[in-house]
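Every chain is named by a letter (A, B, C, D, E and F) in the order it is written, and numbering of its residues begins at 1.
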């Protein structure tokens, strides 16, 4: 049941984002993994959540009318937001702004097929004062079964 | 004063770790950036902190007897732990175990030399039940001025 | 000084809410316990707090002009909100909405009369995306001396 | 896709626990819902997690060797612990002790069969100083898709 | 009902501690305010809680066998710990150690006598690595009705 | 490398605020320590952050166009807010309002000159319901290297 070191869903998602790739590696496409990406700049935490949810639904990563998929995605997003904010999950309410790219990957990272599908949500970009340049990088990764 | 897109300290640290590189890119070595890496497996949050601190001190990333450097490092580690634990900063107390690699990078990611040195601490690996295979990936990044 | 198993204030409050009762059991009315209930739907955490506070004051559970009672109530509400949000105390800022019923009970749940009066605040209902049906249940209980 | 008001998994779990029932209502057994219960007293958060996990595995609520089930359960437990501790997820490290009963229910609370199975974990009991009687009630509910 | 600016319980407690006074100002003793102080050094959060609780009970600030007083004190201590740890309530689990003095004051800081008695708990000292000198100051104040 | 007991930056900042002093003690002015103070009343966490940042920049405590100084200040403010809110960093979103005074001090509190400059941010005042008088005191201290 261990993770398959050739298909680490979180690592794949992070590398897709940081290396600005437009598609999944061939071996993962053959496994029917799915992927989408997008961007969001906001002082408002709920805009970050909404941007990722909308992309995932519009690009067919999750089924919009199945709550279990929305629920899996929501918690994965929240975990990613938690990494970006380093625990507080607050952005504008503490006078911070974020400029983020995101990648969502769906696939099974485990050797055992019975583990089914999982989601990885990565957020990466900058967080800082609402003034250009007064910012540093941040990353967050959320992983959930779907 | 913006970040220099060619020397994003967080991104460099993450890629060094995920791509398992043994040294910084040439352009960053020429800028006198420093780097070290290591591993830690633990159920005990303080062992994760200690492993990163010890590596940073032993490998000359921070001066062991200057508290301002230890302080900068400590908060960067804590922010990285917060990403790995998605906010709670708790591991064994909630029956989780982690198997992590870490990378620490020291350098100035900004265009303006006056911004001085910064630290990036990345933790990446798995978190899960204390049973082989019952785990998924996690990442955390902490960035601080030093 | 232990809790009296026949007058567990939290359990009574939860059962009143879940069983949709309109009054306290006879044995608790004879002990002069007080009770009120209400509903609130909101994306805004402060509306949840306000709805519970207003009900408690209007229905005579706490004295509106005595801060010690408002203070006891406030912290009980916050603990209940913490259960509903599972720690973050955030609702709309993370793009969630809640549809909650609440019950407030005031009385002494201990065998010893010297323990005086306590408050139990229960919130129960649904939390989820601001879309009908994309939601699951949540509960929170706050208990405080008053 | 809304929740079916006759099979609210969280409410059913809470009532099973508070009313000390030994089986699910007939209508839920006919839907093949599963249920187990147990007790745990501890100052150590990981013992609470372990007690619930062990019961769920031993009593056939989750498959022990399928990580996606363990993962669903773990996050449901953590959410329940968060309600009991009102956010901090800490027990003994802050000199508190808990005496808890727990109930785990597995079933589909939605009208739409496509929503599949969900888990509800309820923890209810007392939390307080490690001295008999110096305690009050607490409840926590975690819900997750499985 | 406002706070009386001449008897701000938190301010009085902080000044007693920082100015290392051995008794309350005369005007507060005439109002029958109570006060005690102590010290605690620990890596273990529960030792901090225990040291303050023990002092409060031994020195007659709270009645040891009345849970409502212990409860009021406990939450005041926790709020003070939260200030010292800046939110996480964790010390040794994150490889920090504290060296703290504490002061507990009991009295009514409001103009209205009906507000009754309140508690202020102040913790002040240093927090840092478990190495002499690698530390900075921290303060926490918890206030509760009793 | 220990803290110099005659120049404890946090203690000095707290006493300046609580004793309503208009300047630093002579011995600290001779060491070129800097200091400013101000007030802010708000239900909005970001207004508290903004008020302290603006004062620090306008009164020359930090250089407005150097991010490392803004970053040091921001984290010190956040730690102080965490003390005032006792962990949640939320104010208006939980229907609370604050009336705060603040003091910022910049200097080296350590015996070793190599420790360089540090910042202390103190927030002290009241927190409570948005109704005059329904409030109690709170304090927060954030300390950071700069």
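Note that in this section a contact is a pair of C-beta atoms (placed from the backbone, for glycine too) under 8 Å apart; a residue touches a chain by one contact, two chains touch by 3 or more.
Since the structure is predicted, the reported quantities are computational estimates derived from the model, not experimental observations.
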Copies chain B, chain F: same or different interface, half of numbers shared as the threshold?
same
Centre-to-centre on C-alpha atoms, which chain is most distant from chain B?
C
Let me check something: if the centre of a chain is the mean of its CA atoms, which chain is farthest from chain A?
E
Centre to centre, by mean C-alpha position, how many angstrom separate chain C and chain F?
36
In angstrom, rounded to a whole number, how far apart do the mean CA points of chain C and chain D lie?
20
Just how far, in Å, is the C-alpha centre of chain D from the one of chain A?
28
Residues of chain F engaged with two or more neighbouring chains:
1, 67, 71, 78, 87-90, 93, 110, 118, 133-136
Touching residues of chain B toward chain E in the complex: what are they?
44-46, 49-50, 53, 67, 70-71, 74, 78, 81, 89-90, 93
Per the touch rule above, chain E residues touching chain B in the complex are 88, 90, 92-95, 128-129, 133-136
Quick one: which bits of chain D touch chain A in the complex? Just the residue numbers, please.
1, 65-68, 71-72, 75, 110, 112, 114-116, 118, 144-145
Touching chain A in the complex: which residues of chain B?
1-3, 8-11, 14-15, 18, 78-79, 82-83, 86-89, 109-110, 118, 120, 124, 126, 132-143
